[in-house]
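Each of the next two complexes has chain A plus one more chain, namely chain B in the first and chain C in the second.
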Partner chain A sequence: MSSSVPPVSAPTSTTAAGPSAPARVRRGRRYGRAVDRRTALAIPAGALLLALAVWPLAQLGSMSLHTVSAATLNSTWDFVGLDNYAAMLREPDFGQVVVNTVAFVLIVTTIGMVGGFMVAVAVLSSTRGGSFLLGLMVFVWALPPVVNGSIWKFLLADQGLVNQALRALGGQGLGFLYDSKFALWSVALVNAWAVVPFNALVLRAALLGVDPQALEAAELDGARPWQRAWHVLVPAGRTAATVLTILTIVYAFRSFDFIYVMTSGGPGTASTTLPFLAYSEAFLTLDYGRGAATALIALLVVVVLTLIYARDVRRTEGEA
Partner chain B sequence: MTRRRREPIAFSIRSLLYVLYGLPLLWIILTSLKSQGEVLSSQASITFDPTLDAYRAAIADPALGAAVRQSAIVAIGTTAVCLALATPAAYALARVRSATVVPALTLLVVLQMVPQTANLIPLFWLLSKWGLLDTTFGLVIADAAMFLPWAILLLRPFFGQIPTAIEEAARVDGAATIRTFWSVALPLARNGFLTVSSVIFLVSWGEFLYGITFMLSPEKYPLSSLIAVQSGAYGVDWPAMMAFAVVSAVPVLVVYVASFRLLSSGLTIGAVK
Partner chain C sequence: MRNARLARALVALVGTATLGLAACSSGSGGTAGGSTTLTVWHYYNTDGQVQGLERLATAFKAKHSGVHVQFQYVPVEQMTTKAVTAAGSKKGPDVLVFGASGTYPLAQAGAIKPMDDWWSTYPSAKQFPDGVLQKIDGKLYGVQGYVNLLGLWYNKDLLDQLGAQVPTTIPEMQDVMAKAVKAGKQGITLTGKPGLESQWQGFPWFTSNGFTYGDAQAAPMAQTYTMLQDWIAKGYLSKEAATWDQVAPFQQFTAGSSVFAVNGNWQIAAAAQAKFTYGVAPLPITSQGGVLLGGEVQNVGAFSKHPDLAKEFLEDAFFSVDGELTLLDAFGSIPAHAEAAASAKISNDPILSVFGKIVQQQGRPSPSPQVPSKSVDKVETLVGNYWSKAISGQGKPDQLANELIDQLKPLLQG
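Entry: the complex of A and B
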């Protein structure tokens, strides 16, 4: 099926695509010219994407090789070769930003996947309570990220609920969002919190495909609940999990909304990641060329991850 | 017996999840019913005089009404443009057998994953060149272009599931390409169409970065951009802020409840966030 489809759908797509695949190939040959006519239906979408997605990215590349400031944005740009990239690498905070980005992605992906799996198992039984809980969580995921970010900015504030709870328990209040030791962690944890419901939804769909007899057999053999989860459910969800992991990595890498709302990348650059750095260079310091260079590096990372993902999906499709 | 053995763990995890996901929601609503003074003195208080002052002030604030209207126009416009282009394209990509399909799909996957800031910088220049900055139309087509790859990839499997025999029957009956798409394939992919419409509506309702960047005048900001700017400011008026958040959550709740069944199956078919 589509390359966006994680193997979650593999069980269904295997049965659906399996028998019909050869038939489709035959039909394609038989139709010949009629097939070309249907291609025309993709032209409007292709045109919009060319104008507002592909062409802008080409311009991004061009901007990264020129000096583009607020004053020169709408006139001609001075060609400077790789100066923007050199300046980016010379920036003393750049190393910090790269480390932040890697740490951010690791935190969000690890918690997003492990948490997503645990939630999927916890709501697996189709009791009303489980469905309601999953429904509530997915609703939170569907809320505008700025709303979720604002809630947590509020809860993690100096006099916020979390700090008041800490103090009530005899601890000390922490500067979750303005202490450079915690800012990145706080934003990453909230981001993970926001992605867990979605991952749980996808993983639950994969786990629902597990043969209940396999679980019963494990139970008869005396496996404890979490042993059953580890030995029966984890292997069953593995293909789904592989693709979902790449998706979560990309999601974490491009994350912007929560950083913007909760810390604006601060204090200093303590919670700035690459895509956020590109934004702040272009729209806060108004150095569009520099921002474009940073954004292009971020783009390359995503393209590499995406190609791994696409290859992975194609392999799963090949198996199907 | 086994049930009883499993329940305690599941129960404690579920309770924890209710706290993690239910409590923040509860807290927005509680805070929106407090006065600014009460919030500053103790955020944790559960006993307080509930007041609708924040809502009264929010409703009286002309900025909120304008932002809600703007959000509605942008979200509905984006959904309409996106679906109008994505549906025929998804159908074509599901049906056409040619060597260009796989590269096209790969390109869509890449485009869907481009960091938004990478598009933001050149689009700002492009929209400025075309005189579309600060216009609702410019924002709508920028949003539509951003969500279009995702919409196509989500929709395509729904067309792929339709047995080709049905369409072939229509073709044998002499239906033209567009008619086969419109009156045979589209009705059969209705669930997919509705799922993707809901998803695109929800994400474009929540989109804020294009909003604050391409709209130069703050009175034209959609609601989520307004919330982003307000919560980034110093000395946030939290009850007002939370009243705004509740207002922005209402359409999400309506769309979500109306389409939950569709969403939970549809999203897992073409799962990409």
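Entry: the complex of A and C
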């Protein structure tokens, strides 16, 4: 393979040492003006970021180190060091809440990704059924979580449609939302159901890049459908799936709305996760200091995942 | 040039931010175009409550031309935080209608001020019992114009069908519930959602077993949790109650699915939808037990632009006989004003007259005076959460009661 060298036009005024001094000055001015313009354009966004993200985060950090309640919110806060964190760890339910959070993330991520991939494969072809399913998914995805959660709350109630169907089939009703063994699972499954359409849409976009001839060749070689999916489609969607997995974990980790609507973290604390615990401490018991400490711990996990995501995106762009 | 560009960018930013803040700002109304706007923050959300407010506003506007009363709904769980945050920027409504547990934080944050001077000159002040005066360190920070409380709603048709009488003790009630279950019905519906509501719901039962916040012991709580779990095991109470607020269980009762419902006087309009004969009785608890006297607290906002008009509004709307009877008609609230409480509208009504008696016989101040003011929210939320845990079976009664008391004691010490 020969390499071709593109023609390079000679600078109009250069020396062996580089551009002439006036040219350097002109270029320096142009560069300076470009930097000025970029800086000026970045200032509003930077200031907004400072005001709406960095400053509140700093406040959150400060709150977590002080005793802050509704009564003291507008006055001087007493510095208590890491007491709020220690109190959070001493809380009898804290261990259970952490386990709930991990279980919730695992359920949502696993079902969200596997379900998303399966649906993406199902709607890959432009058949009428595939298009209908695609439209249906966009509808589900566009539903606000509060509406979605409320609908499922009715469906999973003791006298709801799901239990009525179970009883009609000769089974027993299940306490989907009120039995402490099922409540977390129920909310997590609904949350996973809500994330499947988004994952399917993203994965479908990635799978559309697969050469149909590769699938045909595999079929001619006698590969079964699942083998074609595993050996051809899965490798093709791997890059998108990696990024999507991290996004799904973050989505699951910070999930609050479905829990709020469907179980309020209950029964007792059976479906309470870290974000819901932070909400409960800050806005129900009005202990903002403790709520801030819990929220920061939850935030740290999200930040770590975000850094992994950012690194992955950069690596993918580098490969591209 | 560079500075000019930066300056333009900054001005644009400040302008945008100012517009944004202006759009987001909230608080006391003002005077515009010759009319005065009086803002009222509340968390009423049932049809009857909203209609009651509208009627109060209409009556007030009829006396004060040029005054517009603007009601702003704030979800109950956001009320304290919103009012405290507003007070931090020296803003807030003219009138605050809030839950009793919010009195301490609102007072400490400066969102409300002591109203002793005003109340001492209010001619009808003596008509109000001490139990509805919300005081902190001896200073009056709010008055409940009416009270809300729990009673035992019963399905009279079903009782007759079962050959049972209205129970006056817990064992009697359990006998009736056993008969109801045999007849394919539920025994009772009540609230078990985690949080404040469940503390309110549980209070009559655990105080009936001898629990007091002044001397918090595990045994009465364990006894109460045993009773709850026994009810669930025998099918008297659905385990689903662990997620019920105060609305859902009453809907089940009015649908005819249970013989009893532990619920409040504010359900009087909803009860009218029932297609059976119903009644209310005092909860069949022991003489040690009590029912918390809830109901919203009213005061003028500390940053009201029209404090005199706001006082006048409260006197006319929430603290007057006419105003309290308007609210009674709208959603069955029991007037705190002695003259209004003696109205024939209550004594002639078979439901309201019973609630009136419950106030006298079983009424207890809310929040409980033994709970330190600064711990009210934490204590009530904690106790409510354990009530929910007991219903859902998240532990054995003794274990749950011991866990609760371990966490409760430091909070009760203040």
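By definition in this document, the second predicted complex is superposed on the first by the 284 of 320 C-alpha atoms of A that agree within 3 Å, B and C clash if a C-alpha of one lies under 4 Å from a C-alpha of the other, contacts with A are read in each partner's own complex, and residues count from 1 in each chain.
Here is the rule we use: a contact is a pair of C-beta atoms (placed from the backbone, for glycine too) under 8 Å apart; a residue touches a chain by one contact, two chains touch by 3 or more.
As the structure is a prediction and not an experimental result, all values here were calculated from the model.
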Practice task
Please tell me, clash or fit, for chain B and chain C sharing chain A in the overlay.
Solution key: clash
Exercise for the section: Pick one for A:V147: touches chain B only (first), chain C only (second), both, or neither. Expected result: first
Problem - Touching partner for A:G135 - first (chain B), second (chain C), both, neither - result: first
Problem - Which superposed partner A:S125 touches (first chain B, second chain C, both, neither) - result: first
Practice task
Examine A:D257 and indicate which partner it touches, taking first as chain B and second as chain C; both and neither are also allowed.
Solution key: first
Exercise for the section: Could you look at A:L177 and tell me whether it touches chain B, chain C, both or neither (first, second, both, neither)? Expected result: second
Practice task
Based on the superposed arrangement, let me know which partner A:P56 touches: chain B (first), chain C (second), both, or neither?
Solution key: first
Exercise for the section: Quick one: name whichever of chain B and chain C touches more residues of chain A. Expected result: B
Exercise for the section: Name the contact category of A:A165: first (chain B only), second (chain C only), both, or neither. Expected result: first
Practice task
Return first, second, both or neither, reflecting whether A:A292 touches chain B, chain C, both chains, or no partner chain.
Solution key: first
Exercise for the section: For A:P92, select first, second, both or neither according to whether it touches chain B, chain C, the two together, or no partner. Expected result: second
Handout entry: Listed stretches 135-143, 189-197, 243-251 or 405-413 of chain C, narrowed to the one that overlaps chain B
Key = 243-251
Problem - Common interface residues of chain A - those touching chain B in one complex and chain C in the other - result: 36-37, 39-41, 44, 48, 51, 73-74, 157, 264, 283
Handout entry: Interface residues, chain B side, partner chain A - complex
Key = 2, 5-6, 9-10, 13-14, 17-18, 20-22, 24-25, 27-28, 31, 40, 42-44, 84-86, 88-89, 91-98, 102, 104-126, 128-129, 141-142, 144-146, 148-150, 152-154, 156-157, 160-161, 163-164, 168, 171, 177-178, 181, 202, 205-206, 208-209, 213, 224-225, 227-228, 231-232, 236, 238, 241-242, 245, 248-249, 252-253, 256, 260, 263-265, 267-273
Fill in the blank from the handout: Per the touch rule above, chain A residues touching chain C in the complex are 36-37, 39-41, 43-44, 47-48, 51, 69-75, 92, 157-158, 175, 177-180, 183, 263-270, 280, 283-287
Handout entry: Residue ranges of chain A touching chain B (in the complex, touch as defined)
Key = 1-6, 8-9, 12-13, 16-17, 20, 23-25, 27-28, 34-42, 44-46, 48-49, 51-57, 59-60, 63, 68, 73-74, 118-119, 122-123, 125, 129-130, 133-140, 142-155, 157, 159-161, 164-165, 168, 193, 195, 197-198, 201-202, 205, 219, 225-226, 244, 247, 250-251, 253-254, 256-257, 260-261, 264, 274-276, 278-279, 282-283, 288, 291-292, 295-296, 298-299, 302-303, 305-307, 309-310, 314
Practice task
Over in the complex, which chain C residues touch chain A? Could you list them?
Solution key: 1-2, 5-6, 8-10, 12-13, 16-17, 77-78, 80-81, 84-85, 87-88, 102, 104-110, 192-196, 238-243, 374, 377-378, 381-382, 385-386, 388-389, 391-394, 403, 406-407
